[in-house]
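Chain lettering (A, B, C and D) follows the sequence in which the chains are written, and residue indices restart at 1 in each chain.
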Amino acid sequence: MADPYRWSFWKREFNSPILLASGTAGFGIELMEQGFLEGAAAVISKATTLKPREGNPPPRIIETRFGLLNSIGLANPGVDEVLKILLPQAADLPCPLIINVAGEVVEEFPAVIERLEESTVPFGYEVNVSCPNVAAGGIAFGASPEIVERISTLVKRVSSRPFSVKLTPNEGSIVESAKAAEAGGADAVTVCNTFLGMKVDWRTGKALLKRSVGGYSSPALLPLTVARVFKTSEAVKIPVLASGGVNRAEDILELLAAGAAMVQVGTWLMRRPDAAFELREGVISLLESDSP
Amino acid sequence: MIIGKEEILPGIFKFEFKVSSSFIAEAEPGRFIQLEVSHGPFPVTRRPFTISSTYGKSVEIIFEVVGRGTEVLAETDVGRSLRLLGPLGRGYLLNPGKWLLIGGGLGAAGFPGLTAKIDSGLLLLGAASRDKLLTIPGLETVAITEDGSSGRKGLITDLLGSVRWDSFSGIALCGPVPMMKAVFEMMPFPAQAITQVSAEARMGCGWGVCEGCSVPKAGGGFLKCCSDGPVFQAESIDWERCEGIH
Amino acid sequence: MADPYRWSFWKREFNSPILLASGTAGFGIELMEQGFLEGAAAVISKATTLKPREGNPPPRIIETRFGLLNSIGLANPGVDEVLKILLPQAADLPCPLIINVAGEVVEEFPAVIERLEESTVPFGYEVNVSCPNVAAGGIAFGASPEIVERISTLVKRVSSRPFSVKLTPNEGSIVESAKAAEAGGADAVTVCNTFLGMKVDWRTGKALLKRSVGGYSSPALLPLTVARVFKTSEAVKIPVLASGGVNRAEDILELLAAGAAMVQVGTWLMRRPDAAFELREGVISLLESDSP
Amino acid sequence: MIIGKEEILPGIFKFEFKVSSSFIAEAEPGRFIQLEVSHGPFPVTRRPFTISSTYGKSVEIIFEVVGRGTEVLAETDVGRSLRLLGPLGRGYLLNPGKWLLIGGGLGAAGFPGLTAKIDSGLLLLGAASRDKLLTIPGLETVAITEDGSSGRKGLITDLLGSVRWDSFSGIALCGPVPMMKAVFEMMPFPAQAITQVSAEARMGCGWGVCEGCSVPKAGGGFLKCCSDGPVFQAESIDWERCEGIH
């Protein structure tokens, strides 16, 4: 029996509101091989950069009492390898693939996307402005609305496909950055990346992540995402893609109610590779139980 | 489903899970499982455990309680079902002949399954004390403990002097990083070249997507413990950069 | 038996590293009456403003799955009443009292503190720049390093007592704001106030707090505080007073290891009015078990 | 410590706690306790419950399972100790003579203690169905249920027409906000003036410091449910602004 529930963004309709978040689904290939992409509207790839990046020294993953710290450092084989090896394999995915793009300087974003335009595989892009702007002493691009607008404008110029700008909650104003992304021509904003976090062993005084601070994710952060989705979706007309803290169907419905067009699942996917299927089932059955 | 549970040593448990026959078919020695230790959301990630051995349609793991995840697991009773992913990763490349197995502490947890697949072998087993010394049946064993409470007194490296390295066609090494590094560095070169190690790293996913489980690679860069390993040629690892990871 | 452990800030030595956070301890009077101030180095009062404020409409407190949302709206009787009624009662507290000050415009901060200088009771002040700057359209004062520095300079001018600037994690850069506070003459920074959060009932689409968004606190936020304390304490020389996510003795030791001079306890105090006593005992016994 | 536990109606529990004699001395009708329902950190705050009655050195509460906190509490067994703060807040101002008690649903949970302190009284008791109708011993009772499964069928306001308001020296009103508002507005003015209500609000601390528990005050501003109340003169509340709070 076909259910009547549909969600849409970027002129496409989906039977699920769930996107698989960047960095937790690879390029979807492993999940496809296991049959785990059912229930996912689209996969967002891990970060792709111009040059290969080996990533940060380990440990890169530390559990805290109520969440997870990661410091992957955008490890990826670089856009050449992505084009040569990964995108051809990803051509068979049963759902669209959005390529997440990162850079160390403003110009790297359009440069990577220009290269990605050579492939027919991507459905769109997600531009990660949460990473450090090397030219500005390591402050995130996303901290400055001017830089966010500039990156959006540059990406718009080279891209034939829609793109979302993935904002940071750690610096600047997420609402101002969302407006700047929209002004620069972005087709969506992703709200948002992980929160800066850290764990220290008090006995030794040492950080447990090799790089001291990292990105913190936890189901306990859901209310933070809800607030930011609510505020940005009030401020812009483009779709808001929610990211952060989802591990239940209720969480997805709450983020949609707060203004999200679609909802990403990240950390939870590492625990449950079949999360998209489970969560979509949960969403449908809650909607059914709620309808009169 | 958990169908067997035994505290084989203080704080060290053997758990037996019922699994599918396709699982058994793929459960080569050295591969591992990712176990969801709690029903609630914390701890957030699964916990990796080496497949210790398989019998019929069941798989065994041996683990030590070292933190919250293993604590919760140890409290879980027979009859409960836990989500289990696997077999994951790459196991040992097996070749015929006599093997040398070198295990430190819980590092020997995967040796029962390996023992079943090799022609013959010698096992060097080290532990802090007899309370931590696993029993691996079916192999000639030389044991050593730091406090001398079982076997000789000393570190596993103290056993290496008398090893006739050229009599083995394969070497398996598993234990804490400093122990593996020390053993590897004491080996003559030809032995290094036939040594496979089972590495450990903090894992996120366990199936190759998160890049969380990096192990320093000889010559630079990183290997993924979960999908390039967990069993690696010992020579492919940069032991210097491994220092202080665990 | 006297234990040898001491913590100090503002030229005073304490046998506990614990401060009771603003808004969760009143003016310490109720806690004193119950004998619950033992273990507290100092009490930080609820917000004091120039005029009385009745606060936000209810509900003002909502529990989420893993935390608490509050939207009190700085309800307080105003500085006149504080001087007339509350400070005389608080004169008997067994520990120092720090007065938390809030305002709607920059000039309100020095104005309140000028009045508070009339009393001999305060040990120092905590200047809450996390509240909305009415003159700047509701963006928090703390979002702008210039405004933080300006407020610090104005407060310094009228205050004979040391003061901490309580920063916000929601807008701007907490490190830049900390530096600005130091440049303006602040004697400490408090890192930090609550994170913006929200809960929505997906069935009705309505926010559960009357004012939609509020401040979110949770033990699960500890790693966020640790990271911010680490980064600010690297950037400034004045003491960092940590605030956010503490409910265990280990949490306090972790924040001290990350760079905090003292550690505040807020939300947990509402659950355990004797938290200071319990946590201090816990800290001492961990330190004892750790010493060789 | 919990020394008694009974599911008196489906999903409605009576718990009995052992307390100190100073607690008993201060446990006036209408006051409440703050109970730490879980040992772990979630839910973060305590849960407030009206003191239902006291016997010797024990105190009783009656509560309905409506969410996570009450769920956890209902699963807690006799013999366990829970941290309990109280008695907190202000109770009823008692005066001699005959009282009218009007209770909706669990709003009547505090009436047993009040009954013990008044000379005589009449109780009007409303509930959704007999499954939700508390039994308050020792009082002449008129009951009404929305589905007619016990007593008359209808809302509690349907009982007010026949009330001889001037025969009472005190009125206690407790239940959901819309019910209290409706009852209050149907009362003649002199009855309003002698009516005390037991209000509910989401609480943070329960002891007056967090300003979380505000109740709209007649004439503007707010009252603190936990320390100005929870029992208030009905006239001191701004019923219009109460709408939609719960």
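By definition in this document, contacts are C-beta pairs under 8 Å (C-beta built on N, C-alpha and C of every residue); 3 or more make two chains touch, one makes a residue touch a chain.
Note that this is a predicted model, so its numbers are computed, not measured.
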Contact-graph distance - origin chain B, target chain D: 3
Between chain C and chain D, centroid-to-centroid distance (C-alpha), Å: 35
So the centre of each chain is just the mean of its C-alpha atoms; given that, what is the distance between chain B and chain C in Å? 48
Between the Cα centroids of chain A and chain C the separation in whole angstrom comes to 33
Multi-chain contacts in chain A: which residues touch at least two other chains? 65-67, 218-219
Counting only residues that touch at least two other chains, what does the list for chain D look like? none
Category of the chain touch graph - line, ring, star, complete, other: line
Identify every two-chain combination in which the chains touch. A-B, A-C, C-D
Inside the complex, what are the residues of chain D that reach chain C? 36, 41-46, 68-69, 83, 85, 201-216, 220-222, 241, 245
The chain C residues in contact with chain D across the complex are 23-26, 30-31, 34, 46, 54-55, 57-63, 65-68, 70, 72, 75, 217-219, 247, 267-273
In the complex with chain C, residue positions of chain A that touch it: 64-67, 69, 139, 143, 171-173, 195-203, 205, 207, 212-213, 216, 218-224, 226-228, 230-231, 250, 253-254, 256-258, 290
